[in-house]
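Structure, as structure tokens:
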Amino acid sequence: MAITRRDLLLFGGGSVAALPFTPIPYKLLDDVSIWTQNFPWLPVPVPGEITLASTTCTLCPAGCGLKVRRVNTRPIGITPAAGHPVSRGTLCPLAFGAHQLAWHPLRLRQSRMNGQDAEPAAIAAKVAEAVGAGKKFAILDERPGRAVSSLYRQAAAKAGGVYLTPRLEEEAPLAAIRALCGEGAPEFGFDLEHARTVLSFGAPLLDGWGVPGAMKLHWKGRETAFIHAGSRFSPTAQLAAKWLPILPGSEAALALGLARVLVDEGLAAKVNGLDHYRALLNQMPLNRAAEITGLKAETIAETARRLQAEGPAVAVGGGDLAGPLGRETEAAIAALNALLGAVGREGGLVARRALAADAADLAPATPLEEADAGSIGVLLVEAATAGTARPWKSIAAKLAEDALVVLLSPYNSGYATFAQAQVATPAFLESLEEAPTAPGAARHSFALAPAVLEAPETAVAPAEFLALVAAEAGWAGLSEATTESACRARAAAIHASKRGSVFSIEDASETKVSEIGSADELYSKLAAGAVWVDDAPAAAAPPAVTLPGAAEGERQRMLTAATAPVHGPGGEGALVAIPAAWTGNTASGVRVPLAGKLDQESLLRALPGEALIHPATAQRFRLKQGARVRVEAPDAQYLATVRFSDAVMQGVVEISPGETEALDLFASTHGGASRAVRVRLGRA
Amino acid sequence: MTGTITKPAAIATVEKKWIVRGHERCSTARFMGWLAPWIGLLLLGLYATYLCFRYGLGETHLDNRFGFGLWIFLDLAVIALGAGAFFSGFLLYILKWKEIKAVINSAVVLGFLCYSGAVAVLAVDVGQPLRAWFTFWHPNTHSMLTEVTFCITVYLVVLTIEYLPIILKNRKFKSIPSFLVFEWELHKLMPVFAGVGVFLSFFHQGSLGGLFGVMRGRPFAFREGFSIWPTTFFLFVLSAAAVGPSFIILTTKLVEKITGKRLVKQDIYRVLAKTTGVLLTVYVALKSLDTLLWLNSTSIRAGVAPWEFYEFRPFGHATLFTEIVIFGMIPALLLLSRRLRERPGVITLGAVLACLGVVFNRFVMTIQTLALPTLSFDEFMIYLPNWVEYAVFGGVIAYAVIVYSLSYRYLNLFPQEMELQLAPKEVNDVSVR
Amino acid sequence: MFPFVDGFQWTFGHILFLTVFGMVVATMAVTLFVVIQRVLDHYRKDRVEHVQWQSDFHDLSEMDRRCRHELAGRVPRRECHNAFDCGECREHPKFEKIEPATTALSLEAFGLDFPADRLYHRGHTWVRLEDDGTMTIGLDDLGKRLLGAPDRVELPKPGDEVSVNGAAWYAFRNETPVRVLSPVDGVVVATGGPDQDWYLKVRPTRANPNLAHLLRGPEVSAWLRRELERLQILVGVTGAGAALADGGALMEDLPGAQPETNWDGVYGKMFLAP
Amino acid sequence: MMANTPNTATAAPVQENRKIRRFGMVINLDNCTGCGSCMMTCAVENNCAPAKEKITDRTGITLMRVFPVNDRQPMPVRQAGFVPMPCMQCEDPPCELVCPQQAVELDPLSGIVDQMPQRCFGCRYCMAACPYHARYFNWYDPEWPKGMEQTLNPAVAPRMRGVVEKCDFCHGRLHLAEDQAAIDGNDDYTYTPACVEACPTQAIVFGDLNDEDSEVSQLAKDPNSFRFLAKLGTEPKVYYYSEHEWRRNLAERDMNGNASRNEGKEA
């Protein structure tokens, strides 16, 4: 039979006509739509029973308690630990996404040296060799105060090197107070819980100071007035009872102006050194303070009177997410606290009970700024994943030529580009970690963060790496040290003190240390996810305080810090830059993967790398929204993206730090005066 | 034949045999030259479509606020302009206005292109086109979009059926007897399809308006109305019917301009222009009434100050003025006047303004609605489409131009073409209404 | 939506919605069904050629569809709605009786040869009734000159059937096919060709063939005048526009004389096959 | 043939004896510090992927979103704060009305407006219809860095590109609570959405508005409580609370007169 074209056509047509009466099209349609609902490239979460594992957040110094929601061994979420004595059942946004940090795209899975994969032992040998060759050894511990820190200090002592600590902003005002109390003064902590009036000098009490929401909780149901003096309309400024919009860098002038009012009106508490301090205050008339701060003189006077009338009042220095205040400014704020009688008083600055020293033979903690420039030949940096970061410049200035920098970090980020060797360490939740006393806290505490996840086999804990170096360099007693041994030693010291109590996150129970039988028992309690908190400070007579500025030179420096703010008239195109955020956004570690929800995906925070600028200022520089702009400081520059905000002061540009390069802008002012720096804007 | 390459001249000879007997058409090479840039644009559009399908709609500048953007706006505009197909069908087959015969084929092709183009763009615009059929499986009968989906799908089938006889009339196709017989019988029953088309068009043009009118959450678009239909339902039907004839005028004039031929008689233009004029007048009157009602009652009850909508630049009061007066009242009056209609230039101007008016109205309803803030702390937002969006739509325009060019070349879109070719002067043997 | 999907609940909306769209789809389906039925019916009754003529006639321009009575001046304006089938036309008998074909009459043929003893089809063929009951079909003089000397012709074979307004034969000139319409129904008994005076001899299929649609007598002249006018316009527009006449009479081989003209278009118009 | 068609949330008809709840929230704006913990925990709970580089604040997915707000006064007298915006779970949801394929449904038992991403075909009409901008479109497929997909919450299916999603008051947690209640044979259950649990200042109170004694229904009736855009008649079940007038004035757009604001609160 011959097949004609007509037959073919008929067959084709008939097939098409019959198709709707067969299952084929429906099956196809069905399968295709099911495929779209289960794209093979979409991950399918594996079901399982949800369990909770207790641990502690070690990303920033606050040391919040948390529970990791897990399915089998997989972490699927973070829940706050209710009743936790440090964090009071709160967590910051970053903590909620912190369980994903182990899989961060920048995760360093293999130790590296000079751009090549390397065994940690090889890096340790290199370090030991350099130390042996007489290079000066130093360790920068970004999370000081831990039990492990004592290993670092031992190592530094053995190597004849230095143990460097970063400046923790919350601790700076406490150090300033301590300096006023002379030799043998106790450590101090803020007792904001019991204060009635709190004046903050830029300290972000409501959005990043200590544990999140702490102040709101402290002050719930209490009439606590919170006055915030700062240049940024930050969340803290927005939520404060009163915001004093001072010009950038004028904190010292404000502190002196307030002191002047207190002294002039006879409102000051009895303190030593009032005479020499008055000599300083005489050079800061109220009008001058008003002019420098940009506030009205009456506002300053009223604030001072209010602080005295509505006591107990306390001034909180310590800068904020916008960087540290200068040493002189802290001194002026400490003096203000002294004049308010806040030192050693409940609702002010209280003396912490001292913590037993971990061990003997420790190198002293040297603040990074105080290290000799160009002196360090071998530097070990243990980087913090979040927390305060510093400009690399401030570190680089201390390094000798050909210095060997070894970065201990789970991530290939932060200082990684400047380090010759990177040691891959376990990420958050992957190893035993510790959370020492939160900076600024009135009581010491010590929490352990047991590992919840399995670390990659290649990861080496910082203490293990130190042991490798010790073995190579022949430092006795250190080559067997581990994190656990250090923590056990700390637990033993706490147990011996018989002070405080232990809070177990798992069952929210509290046990007095005195009721715990042995140091090992205390350790195992802590290692199951618990926190030890010291007893409340013992009531004691307030220490004798002497106002600063006894020496003429010191007075002069304080006056210079107060009267030479950066906002004075400058050349054409000059303006003042301040960092718009510090903690969390920029660190020597990485951002929590989902942190983009807060800035990239919403307008809640400035995006890292953005330059916030008032539209009127922008117009002056002919800048458009979204334009790339080169921010030029005297010895650094940074490319930022312009974003308009009419909440920014005119003549000010707020830089949201993206990389450490952004922080370099402020490095020149870092050690001394202020976080505000005069910059120029240029087209990118 | 094996191994030999068919010479261009041979192709041209074969190609000529597809052209309607007696039609004068340009050379094959010239036609290819005309198509080439459009094919380029079509390929670009296909590439942009690929980007959207491969990576996701993040490749466009659409965002959560502007879930509807350039595509939806132009789809609405194109569907309104494509209303010429249903409305001329209505005039020809239902009201028996014979003059419309001169443009009905072109109108059907245009309608088909507008609708199929719009559906093609929609297929890129929706996030999961493979699930589009769920609407038929789980339709929410309360949703205007359900009605639109049903109507447009069925109407596209109707337009395809209407297009079919025109294609089958191609010289080659009609030499196949079964095609010819099928065409003849289909053609005889065309009034049924035209009637169905009119019915469907009435509802989906209206529902497209209802789409915005029912959005309670958007006080700028929300309108009260009759029963389940907000006033925008009726305004959209009316405006689409009004500009449909104008779009036919414009496209026909454009084809005449490009080909340098006269394709329809002047009085056809006058009939179409008058239709637009009358309908547009009614539309403008009702639209004005609706606007007053909305400003003075509906929006106030929704908690928005009457004129706040027009406080956000670039959408000032001028927007409203432009929409109603410049693109509404003026073309309506131009086309309503018998004296002015005598001048072809006036007809063109009126038709251009009327078409711009409906496009502008659709723009206002989609883009301005979404740009305006709703919450007190909302920002007014600007949205600029990116090249992907332009390219996809450009691709659809290119598709339309290519298919229309092919149709013009090989099909008898304008039955009067031959006659006018022969007529030394205007043949005024059709009574003017 | 549909009763067999989980969790379905009937509402008034569903009923209305389904009813309306059901009706729309049903209407379209029924219409398409009717169309297909009718198509099949045409095939069954072998009416394809008839349909083709209907379709072609429909496509003729208004100018080409003038009623023969308008051409003859019996009525001022009249368009044929009957596909030139005067036998079926209700109006046709109302006009005065039309003269039969007769040799006694000589026709004004503008220099062309249009004998009065035949009936003329509007597709430029003629029919001569022979005494033996057969009919001779040929191309009229204008048709001949339009084609000139065809390259070839395709004639039906004896025994083939031709039907009125269907294809009688095909002629080709310069690669252009021309379908010449048959003026009558019949069975081919003999074939002629361009060399002869006639093309086909047919035996009518019906005893009493309907010839009412064919032109005869003086109306042939009126029609012819109109045809020449049309030709003039067609050639004027589609071609170079030069005179077709050679000293008053039309040239013998028009395509040969005017090669630039679009003869394809002209043939379509003149032989009623658009 | 169609047995596998997209799932249907309407599957279980309402059992007569089951308690009908109206889950709702009262958010104390005075307590909100704008920290964003709710946003982060929400993203984790609901398996939102980290944003791709191209994503912006206009294309991101923040089922819970904290908006910075202010009273539009000039600096420095401006007052500012934050408004956390989950889905308002309208009792008369404009999004449900417009969805052409019933991918949005008001759950009669819980009062939660459910979104079924599996059925959504991404026309985004609901996004246009929602005056609260509470709906988010997946402009891309979600993508996790290698290995991070292990951290996905098994109670929630990740959404694919091209579909709309929104807050559903942590549906996964509700289902867990329901399942537990079914096991216990106790219909008297409640649960806590992730954002409520995460808020460090306890600014969000969650519960059953149908339960007269619950804290949430008491707070909702407080004169300082209000709802956004109440005049639109969408009947949100998320209330806001503030003792500051300027925050309460955020409820409606400024009509250049105070009368309308008061009306709005009653509606």
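In order of appearance the chains are A, B, C and D, and numbering begins at 1 in each one.
Convention: a residue touches a chain if its C-beta (ideal position, glycine included) is under 8 Å from a C-beta of that chain, and two chains touch if they have at least 3 such contacts.
All values derive from a computational prediction rather than experimental measurement.
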Indicate the lowest number of steps between subunit A and subunit C, counting one step per move to a touching chain. 2
Shared chain contacts [subunit C and subunit D, defined touch]: B
Identify the chain pair with more contacting C-beta pairs: B-C or A-B. B-C
Please identify the chain lying most centrally, where each chain is represented by the average of its Cα atoms. D
Outermost chain relative to subunit C, judged by CA means, is A
For subunit B versus subunit D, what separation do you get between their C-alpha means, in angstrom? 39
Give, as an integer number of Å, the spacing between the C-alpha centres of subunit B and subunit A. 60
Taking each chain's centre as the mean of its CA atoms, how far is subunit A from subunit D in angstrom? 32
Could you tell me which residues belong to subunit A and also touch two or more other chains? 33, 36-37
Identify all positions of subunit C at which a residue touches two or more other chains, and write them in rising order. 5
Where subunit D touches two or more other chains simultaneously, the residues are 2, 5-6, 8, 55-56, 59-60, 67, 70, 141, 160
Would you pull the subunit B residues touching subunit A in the complex into a rising list? 128, 130-131, 133-134
Spell out the residues on subunit A that touch subunit B in their complex, using ranges where they run on. 29, 32-33, 35-37
Quick one: in the complex, what on subunit B touches subunit D? 55-58, 62-68, 125-129, 131-132, 134-135, 137-140, 142-146, 149, 211, 214-219, 300-305, 308, 369-370, 373-378, 381
In the complex with subunit B, residue positions of subunit C that touch it: 1-2, 5, 11, 13-14, 16-17, 21, 24-25, 27-28, 31-32, 34-36, 38-39, 42-43, 48, 51-52, 54-55, 58-59, 61-63, 77, 230, 233-234, 237-238, 262, 264-269, 273-274
Taking the touch rule as given, give the residues of subunit D at its contact with subunit B in the complex, in rising order. 2, 5-6, 8, 52, 54-56, 58-60, 67, 69-70, 83, 94, 97-103, 119-125, 127-133, 135-141, 160-164, 228-234, 249-256, 260, 264
